[in-house]
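In structure tokens below, several structures.
Presented sequentially are two complexes of chain A, the first with chain B as partner and the second with chain C.
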Partner chain A sequence: MQNAKDTFYVTLRNRLATLNPNRTMLLRGVQRPGILVEEAEAVVPMLPADVFVLRWTALTADVNLPLVLARLDCEILYTTGGTQPASGLDRGRALEEMDAELLSLLSPNCAPKMNYTQTPPVQLNTPVFWSAADFTPVTTLRDRLSRSARVTVFAYQEPGEL
Partner chain B sequence: MSADLSVRNYSPIAQRAADTLLRSLGGFSVSLQIPAVSAGGDAAEIGITTQTYQQLPLSPAIFRRVRIPLSEGAPEKYELMISASAIEAQVGALQLTSADALFAQAAGVSVNGKFFLIEAIAAPEAFGQAYLYRLQLREALPQDI
Partner chain C sequence: MSTAAVTYTTPTTPLTRRVRAYFAPVVRASETPTVFDPSVSGRFNLDAPPAPWIDLGWITNLSRKSASTINVLNVGSPAAPQVQMRELIGATVSFRFLTWRKLSMALSAGSEHMNLLAPAAGAAANGSGSKGVTAIALIAGSTATSLNIPSASLSSFSAGQMVVVDADYAGQTGYVGSGVSAAYVQSAANVNNDPDYVRRVSFNVALVSAVTSTGLTLAQPLLAGAPASNMKVQVIEGFVDREGGSFFQEWSALLVMPGEQGERILYYYPRLQPTGGAQEDTETLLAPLEWVTLNASFRALPVIDANDGEQVLCFRSFLPSPMTLI
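This part shows the complex of A and B:
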């Protein structure tokens, strides 16, 4: 399952770097595309603004197949307060921009599964594929607008794979 | 953060008074954990590469429990008050733009060898300058070695 999670994240990150090179963040001293895996970063009291945060939640497995099919639920959270030059009055537009970006990041909805524990990464035999995004209503907290989208990621467990 | 919007000229008296109070009430030394080496690439972003941290000593500081825990198993909360001059010294040494940038990089605080996560930060001001930093901390859960 870890390979599927890693592949999903790296695919979205690479697509974001191409789609919007300006959406970047400085995290642990490194400038990188504005997307992160929550469980692979330090615990923070508040989610960073203007970046996509991937949170892995539910896991189910279909064992009645030649290969076990894992279903992993991924919650993609994002929040924005708009831009400073516009005094935050463009926060609605900024959120809409992130909605559109996320839709683009998730399409096409498949990628070859990779094993990133090896250097260079090794391509495995099966793909990772995912459902369409299920968006939640906007949550408003003071000057911040937040939304999340739930995506179900599917991956076959290959023999010998963790 | 509370802001002092007065138009009086800046005077370091509040900062010095805060430092004196912190020293007289204990004057602990604590360490802020920040990433030592900038780790980039796939492995660092998906949690494969081990991140190394450096300890930034901050003194004087006061550390105390915020409240007695009421629920079983809930992590205890603590409050840490740190001298603004100590924070300013580290901000200058690391060539950062502000204390916010320093705390944004921090993974947590180490007090007497025990690790705590930062939950909230407040900086009361006098003459438009922070004289103290108040950090709300939560005990980090035990981790596998």
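This part shows the complex of A and C:
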């Protein structure tokens, strides 16, 4: 399943770098596209603003197939307080911009599955594909607006795959 | 001297999760099915069926129906049943294939199943595929998993392609196809005397895993085994079946239910012919994603049981779980 998770993240990261090169963050001293995998970073008390955070949750597997089909639920969380020049009054617009960006990042809803544990990465035989985003209502906490979108990522487990 | 006391359990209701399907060719000219002997092979490894059975994976919605009828002869006054007789024997079976491949498509559609030959440049368009690129003759020494071809032709192939391997059509009538009777030719004119016709319907297909300096390495063995010297290879793009056609596929089938306690139920149909046309079913995975499965339905045809000369349609075997009272 790790190949599917890695592929999903790298696909969205690369698409974000193209779609909005200005959405970046400084993480562990490196400037990078504004998207991260929560379980692969240090634990923080509060989600970083203006970046997409991938949180892997449920896992189910259909074993009644020639290849096991894994279904991984990914919660994509994002929060914004708007911009400083606008004193946060544009936080609604900023959230809407992230909504639209996320929709674009998820389309097309498939990508060749890669094994990123090897250098260079190796393309596997089956693709990773995912459902449409299921958005939650906005939540407001003080000056921040937050939303999440649930996406189910599907991947066949190829012989010998992790 | 004594043996250890045997512990045993009383029989329980068989519990199974799924059914696995295997098919094997019937020699059509003589109507000779592939025999499955449960006393010899009943406990076979489900991932490695005995030759020549082809694993078509897990199936769903299995439905077996008996169409046999029994009548009674009433005698006397008032009449009372004295004798029963079997008036008719009949059986049907239906299920869904979870995977699409050459054989499952052919069994689902029931009639001729065609390979889409890689089209020749400028060939006239046709619903079941146009004329193919010229076939390449094999060189001696080819096996079921490697094809020797002239070095000048190697550039026509690449890993990942699908190929069909079979002889040229040479004007014969009757069943054609290596390894499997894939179609019945009524006259050479019907098939335009096309040298590619046999390769168009043949089940002798495989995926190319590599192109070497001497030929092609196949990812799966050819169904007909090592190619004959008169066989040629052509690239195929996919498969096509049709609603219609006069040919009936006929195959031997083996359906296996592995039980949770180690028991096994096997249904062996020596001769099955399809009763329906090409139909699919869909099942929602997560809207709007839907599985597309192949519906297949068959009528069982009879064979003679060599043990007693009886005419039968299906054999149901039960191999009990270990140490269970019988």
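Here is the rule we use: the second predicted complex is superposed on the first by the 162 of 162 C-alpha atoms of A that agree within 3 Å, B and C clash if a C-alpha of one lies under 4 Å from a C-alpha of the other, contacts with A are read in each partner's own complex, and residues count from 1 in each chain.
Just so it is clear, contacts are C-beta pairs under 8 Å (C-beta built on N, C-alpha and C of every residue); 3 or more make two chains touch, one makes a residue touch a chain.
For clarity, every value in this text was computed on a predicted model and none was experimentally measured.
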| item | value |
| --- | --- |
| Joint occupancy of chain A by chain B and chain C, clash or fit | fit |
| First (chain B), second (chain C), both or neither touched by A:T57 | neither |
| Chain C versus chain B, contacts on chain A by residue | B |
| Touching partner for A:Q84 - first (chain B), second (chain C), both, neither | neither |
| Geometry of the superposed three-chain model: angle at chain A (Cα centres of chain B and chain C, steps of 10 degrees) | 140 |
| First (chain B), second (chain C), both or neither touched by A:P66 | second |
| First (chain B), second (chain C), both or neither touched by A:Q118 | neither |
| First (chain B), second (chain C), both or neither touched by A:N22 | neither |
| Shortest CA-CA distance between chain B and chain C [superposed frame, angstrom] | 27 |
| Touching both chain B and chain C, residues of chain A | none |
| Partner chain B, residues of chain A touching it in the complex | 5-6, 9-10, 13, 28-30, 32, 36-37, 39-40, 42-43, 45, 116-117, 119, 121 |
| Chain B residues within the chain A interface of the complex | 35, 37-40, 42-48, 51, 105, 107-108, 117-120 |
| Residues of chain C touching chain A in the complex | 17-18, 57-58, 60, 98-99, 285-286, 288-289 |
| Residues of chain A defined as touching chain C within the complex | 64-66, 71, 131-132, 152, 154 |
